[in-house]
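Structure provided below as structure tokens; questions to follow.
So that you can tell them apart, the chains are marked A, B, C, D, E and F in the order they are listed, and the count of residues begins at 1 in each.
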Amino acid sequence: MEFFELGKISLLIGFGLIVLGFWGILSQKNIIKIILSFTIMETGVNILIVSLGYVKGKTAPIIDSAVEQGANHSVLGQVVDPVPQALVLTAIVIGFGTTALLLAYAMKLFKAKRTLQINNFNDLKW
Amino acid sequence: MKIKNLSVSFVIIMAAWLLLNWSFKAEIIVVGLVLSLLLSLLFCSKCQLFSEIKLTPKAFFYTLIYIFVFLIELIKANIDVTKRILSPTLPINPGVVKVETTLNSKMARLILANSITLTPGTFTIEIHENALYIHWIDVKYSDVNQATEILVRKFETYLKEIYD
Amino acid sequence: MSPDIFKEGFRMEIIQYLGGALLIMGSLSLLIASIGLIRMPDVYNRVQTGTKASTLGAILSFLGIGLLSIENWSESNWIGRVIILIIFIIITNPVSSHILMRAAYVMKIPFTKDTKVDKLKEDIDNKVLEEPKDE
Amino acid sequence: MIKYLILIAVVILLMSLLGGLYRFFKGPSLVDKVVAFDSITVNSLVLIGVMALLTGRAIYFDVAIVYGLLSFLGVIVVARYIQGGL
Amino acid sequence: MLRNLLISLLLLSFVYIFYNLYVGFTPKTELDGIAAHYADKGAAEIGAANLVTAVVVTYRGFDTLGEVTILFLTASIIGFFLKLTEADENKVIIHRGTSELLATSSNLLVPIIILFGIYVFMNGHLTPGGGFQGGAIIASAIALAILANPNMHINHQIILWVESISGVVFVLMGVLGILLAGGFLDNRILPQGQFGTLLSAGAIPIIYSFIGLKVGAEISNILEKYQKSQKES
Amino acid sequence: MIYILIASFIGLLSFVIGALAIQSKKLSVAVIATGVVSLFSSILFLLMAAPDVAMTEASIGSGLTTLIYFYVLNKIKKHHA
């Protein structure tokens, strides 16, 4: 029963998506494809962080009548860790910003050289 | 006309707010009234979606009948689709036919097109003035009038009573 | 030991079994939609079968979920959200499939060989209407 | 008993997800892939509903509404892209 | 050839590191440290039912300020980058209009989607969601309206005003927190109200509403910039 | 039990679709596949009891990002033609 646990499985999925995205970044030649691989890698990192905060058998950190409450609405021992979720929430929004920025740069690069193959951008190479 | 459009959209937005919150406390109702007034003034004054709707008891009665007819057609459509998919020979005979409608209200045309899409074997591809082009999975009549008779009439009679 | 219809628990149980049956029927309908997606010969027929079966499947499944959660109705808002979701699916699913079908027609994806009539093409050829293309 | 019914429903849903995936890989044209995307989304929508049922939290339905809305937007964007609009 | 070899070596080393991390990982069985404090006392201190909202808005308020700033900077840089020239700006493209069904259904749906976005950010302390999600939903409603009626023109001035006023109010609420209560973005400048109702949790509904309006305005600004860049030759 | 079934199935599917996204020749297919990976990850977040994150991923990570990608692809397509 050691392997079949939700926390471990999602950790594995996160690692797998990171490796997949890294492979895409290294092996692809098209700039848009590289940005796409970046997005996939970001998704993997988010899954990883959230799975670190998961506690087995506990429910979402939102208090309503479905959660047992102690004195003064205390839910200690009922919910998962809220801090990684807050971090990932910030990370996704900032990830959207960086993706939009990268795509704007890609559009400008395309306008300058009329191509998206990364081999053609060798102005700073020596 | 304008008043009717605004009031109907106001009621719809308010109903959506109450369904989302599902509580009738004073604060929720006050916030909902303000929001639905604002949104209906901002977004629904230009598009005349509901200006042709009739607000009589008869129209309400026909709405209920329409929903009933529509549900029966939806279930019939699924039995039909299931039979076609699961039979080993795949009995299809598709084609694009043209039908005509006499409805003018935009909302009624949307409802008509969606109903045709969800009924047995027919699907709206294109709508242009009063002609609808329909992809029919089992073409029986390729003539305009006969196809109109069999596909459109059953909905149009009820929609005529509700809109214009 | 005969089950008493007027007992609260028994009625609850009946409603729960009804909900379970609706859920199973809905998911079977979704399965039929995906089989249709696999078997049909061209795009137009795939969109047809997919839309009809998956719309009814989603509606039935959500009705089943709403009935299965009947014990919790008094505590939080199950029923309102289920109704909103069902209305949303009924409005959006046919429209999005219609737009897709139109896009397929613009791409000039060929019909399957069995197709008998194509009035839309005839009318475009006769200049009754222009080609459905956005610019 | 109810739990087994839900388990059967989940297994059927996952199988139909596979059907959509087959069309997503195989589809000769872009429109086929988008149709498969639509079908995958509807299946996952029902999956989210089942998960809300299993945990007993009505708040998960909010996520389902957002999911359905964004899938509608996605399909329309791709269709407009094909027709040369946007 | 050498390149492929290097890539596979790098990936293999990654896999090795991840394997070691995976083997050494033991899932948590209970909360500890600061998370236990949040779960135990958070509801009583802040008054918000959604603990994630409590962390995002109040306990880690500075992070949210940074996030909003980054989004604002992104919007400005994209606006600077995709700036059109005078000739492109005045170019008029007349779209032929889309399918009638799409136009009608989007007219029907857009107000309801915006209402749903407002619901998400006003109920950020009770249900999942909050300012960022609500803002994204509002922006996607505006994107749907643009997609359905390509000839529609958006009033730029309103978006700019909404964005600036919301930003100013957001920072002002934070500073009021320093003056009247414990620290920056402290929500206890208003009474906590009854737990679990719409008007509770102090200032959180107000703060999150303004964050939502600001995020919605910024993201629709970004989308509109991208849409306008299609005009460029 | 049901959770583990769903999680492992969704994880496998997201690997397969991610590989398709990176390998495919057409850019539009790759963008749609990335959107599907994002949607699946949103289901995973829901399984891990994080509805806030799931909602953010569904609305921002999947919806708006795909929209921006298609704006860029449309621009590029116009220039190539």
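The rule is short, and it goes like this: contacts are C-beta pairs under 8 Å (C-beta built on N, C-alpha and C of every residue); 3 or more make two chains touch, one makes a residue touch a chain.
Keep in mind the model is a prediction, meaning the values are calculated, not measured.
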State which chains count as neighbours of subunit D and simultaneously of subunit F.
A, E
Between D-E and A-F, more C-beta pairs in contact link A-F
Chain-centre distance (mean CA atoms) for subunit A and subunit E, in whole Å, is 16
Need the CA-centroid distance for the pair subunit C / subunit D, whole Å please.
11
For subunit B versus subunit D, what separation do you get between their C-alpha means, in angstrom?
24
Distance from subunit E to subunit C - Cα centre to Cα centre, in angstrom
31
Can you list the subunit C residues in contact with two or more other chains?
35, 47, 72, 76-77, 81, 84, 91-92, 95, 97-99, 102, 132-135
What residues in subunit A touch two or more of the other chains?
5, 7, 12, 23, 27, 53-54, 59-62, 64, 66, 79, 85, 89, 93, 96, 100, 107
Residues in subunit B with touches to at least two other chains are numbered 16, 20-21, 113-114, 124, 126
Kindly provide every pair of chains that touch.
A-C, A-D, A-E, A-F, B-C, B-E, C-D, C-E, D-E, D-F, E-F
In the complex formed with subunit A, which residues of subunit F make contact?
3-4, 7-8, 11, 14-15, 18-19, 21-22, 27, 30-31, 34, 37-38, 41, 44-45, 47-53, 56-57, 60-61, 64-65, 68-69, 72-73, 75-76, 79
Using the touch rule from the top, collect the residues of subunit A that touch subunit C in their complex.
64-66
Interfacial residue positions of subunit D with respect to subunit E in the complex:
59-60, 62-63, 65-66, 69-70, 73, 76-77, 80, 85-86
Touching residues of subunit B toward subunit C in the complex: what are they?
16, 18-23, 74-75, 77-78, 81-82, 84-86, 90, 92-98, 113-114, 117-118, 121, 123-126, 128, 131, 133, 135, 137, 139, 142
Across the complex, what residues on subunit E touch subunit F?
50, 52-53, 120, 128-130, 132-133, 136-137, 139-140, 143, 219, 222-223, 226-227, 229-230, 232
